[in-house]
Amino acid sequence: MLHIVNKSPFERNSLESCMRMAQEGSTILLTEDGVFAVTKGGVSEKALKNLMASKKISVCALWPDLEARGMADNVIDGVKMVDYGGFVDLVADSANVQSWL
Amino acid sequence: MLHIVNKSPFERNSLESCMRMAQEGSTILLTEDGVFAVTKGGVSEKALKNLMASKKISVCALWPDLEARGMADNVIDGVKMVDYGGFVDLVADSANVQSWL
Amino acid sequence: MDEDVSGTVKKFMFVNRKAPYGTIYALESLEVVLISAAFDQDVSLVFCDDGVYQLKKGQQTKAAGMKNFSPTFRALEGYDIEKLYVEKESLEARGLTEDDLLVDVTVMSSAEMADMMAEQDVVISF
Amino acid sequence: MDEDVSGTVKKFMFVNRKAPYGTIYALESLEVVLISAAFDQDVSLVFCDDGVYQLKKGQQTKAAGMKNFSPTFRALEGYDIEKLYVEKESLEARGLTEDDLLVDVTVMSSAEMADMMAEQDVVISF
Amino acid sequence: MKFGILVNEGPYTHQATDTAYQFAKAAIDKGHSVDRVFFYHDGVNNSSALTEPPQDDRNIVARWTKLAEEHGVDLVVCVAAALRRGIKDDNLAAGFRISGLGQLVESGIQSDRLVVFGD
Amino acid sequence: MKFGILVNEGPYTHQATDTAYQFAKAAIDKGHSVDRVFFYHDGVNNSSALTEPPQDDRNIVARWTKLAEEHGVDLVVCVAAALRRGIKDDNLAAGFRISGLGQLVESGIQSDRLVVFGD
């Protein structure tokens, strides 16, 4: 399953809720203001690292959104960068999709 | 000074930011989804009680919004209920107003 | 209804995470749910985070000058929409219990809700 | 400008709490700030919470297909808008330092920012 | 006391426009004056003459128009924000006028309090 | 693969509409088909023929129209949401059509994946 989060983890609880329900083997894609979650030194760094390690969840981020926000050089290790084509692939390769709006 | 918060404390960080900057003697008014902050057993109960006690901050809530949400009977002690006229009075009686959108 | 729609039964889940009245999402979400009933799909509604407030008993919107749409939840049964699930963790975090809700629901844990979500064909959130 | 506007100088504070691009608030807020310069008021801009991201160096919006408005912050000086304040706590929580910002700002604590906010005549937030 | 009001969100979608209206009405009922309501961001959508809410719901646009007619409230829609969102004189409801952002700053200068309603 | 897309927010205000468009374009570029984009909530404002963004910015409405023309994407605007927000045939941009919510459910049934973009 693919989980999409487009909200800043500093402003809203979307990523937190997503992490509560993301199962082993699923993928979390951060887009729009959601990409701040994968930046170093931020509020979600530890939680995402734990998730990747313990629950074997794949964490991806849309690099056009990271680049727009000047954060492309500041991404935590282990996060996969995708462009819009990669976003399409993630959707196609997952059985279903939930957007945590 | 009057601080207005219209966002749920479960969903957003607005009340948290407001509480960081609300000074002694100021007033916090909860409106719209912000009224969930003054309900018993919620995430903000303790913080608001501390604020009222230690920093002498007055906490008010718009009762039409509490009533709309079925929460009017569930408000923590010490919170003042106001209607739209009371809202107007709060603005008139404060030197200035900040809406934490 | 188109030819190629009739006969197909998919699992639809509507995810409600937002409080009522502050924004229109809850109300307009309910409008989609009602329409979905006409398509004979396998429809589930889940309520988590502030979405649980949508089901709170005793909503009275007169003083706020808005439309009270909460009675519609009671009408869902008449449309054969009977699968309503509420996340236990969200309910507890808000100091609410099942008795505070205006319709019969199944309360489940985050983990159970996650299992159910993973089995859906279509997940729609507002 | 109306007769009764000229001569009056009020303290205006624009509060920026939202990230750029995800929503339009940051961009349209900047448009108000530019206009306010024509009214010879005492204008301050504060950046706190995700608003500090508006000032991040190196924004490149081509791949996202949006308009990069961050260079406008560098033009503010030319409009005599020179009071830019950033909340220290917000910056640190995001792993950022003053060196990451594209314009000169004054970094201050929440307490100092609160003091300044309390002294304003008009506080506009988006 | 003279109040200025800033509305940042569109009708129905966010309660902000409802609260702004209730505030304006209560202020007038208490003998204050509401000189201007400025509509910015999606707030410009409050001025669309084409909205048709369901019969059993409030009519937000008509409510503003009535406030302007009965109490002389100046309803100003930001021109730049309106162009971005498809509000023009063609579809502008009665009682509203389209003007520049200077009108918002002016409202801040001229009113005793400026209150912001948004998301 | 057949994609359905749901857009819940208006143009310019939220990036959701941009991301939805970029996703649709990338899907088509990769050889998938995007059968329908359904516009709900403030998403209906994507269909306003009257928007005039600044010259140096993207034209979101025109972009959707072009996608419909070049790739036969069915752009459907929810009638109930549109009436609430002042979108009618009078101000509907080319390539869009107004219809009922059933078209969204149908899109969920007929497409292999339905992806939601919103706030």
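Letters are used for the chains, namely A, B, C, D, E and F, taken in the order the chains are written, and counting of residues starts over at 1 for each.
Quick note on the criterion: contacts are C-beta pairs under 8 Å (C-beta built on N, C-alpha and C of every residue); 3 or more make two chains touch, one makes a residue touch a chain.
The structure displayed is predicted, hence computed values, not measured ones.
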Original post:
In this assembly, which chains make contact with chain A and also with chain B?
Top reply: C, D
Subject >> Result of counting contacting C-beta pairs for B-D and B-E, higher pair >> reply: B-E
Subject >> Chain located farthest away, centre of chain C as origin (C-alpha) >> reply: D
Subject >> Far-end chain from chain F, centres as C-alpha averages >> reply: B
**OP:** Determine the centre-to-centre distance between chain A and chain E, using the mean Cα coordinates as centres, and give it in whole Å.
**Re:** 38
Subject >> Euclidean distance of C-alpha centroids - chain B vs chain C, Å >> reply: 28
Subject >> chain C-chain F separation of Cα centroids, rounded to whole Å >> reply: 25
Original post:
From the C-alpha centre of chain D to that of chain F, how far is it in Å?
Top reply: 33
**OP:** Scan chain C for residues touching two or more other chains and write them down.
**Re:** 21-24, 49, 64-66, 121-123, 125-126
Original post:
When you check chain F against every other chain, which residues touch at least two of them?
Top reply: 8, 12-13, 15, 22, 41, 80, 114, 116, 118-119
Original post:
When you check chain B against every other chain, which residues touch at least two of them?
Top reply: 6, 10-11, 13, 32-33, 64, 83, 96-97, 99, 101
Original post:
All pairs of touching chains?
Top reply: A-B, A-C, A-D, A-F, B-C, B-D, B-E, C-E, C-F, D-E, D-F, E-F
**OP:** Name, in rising order, each residue of chain F that touches chain C in their complex.
**Re:** 6, 8, 40-41, 80-81, 100-102, 104-106, 108-110, 114, 116, 118
Original post:
Which residues, counting only chain B, touch chain A once they are in their complex?
Top reply: 10-13
**OP:** Spell out the part of chain E that touches chain B in their complex, as residue ranges.
**Re:** 1, 3, 8, 15-16, 19, 22-23, 25-27, 29-30, 32, 112-119
**OP:** Note which residues of chain E are touching chain F in the complex, please.
**Re:** 10-13, 41-42, 45, 48-54, 61, 80, 83-88, 90-91
Original post:
Which of the residues in chain A end up touching chain F in this complex?
Top reply: 4, 6, 31-33, 62, 64, 83-85, 87-89, 91-92, 94, 96-97, 99, 101
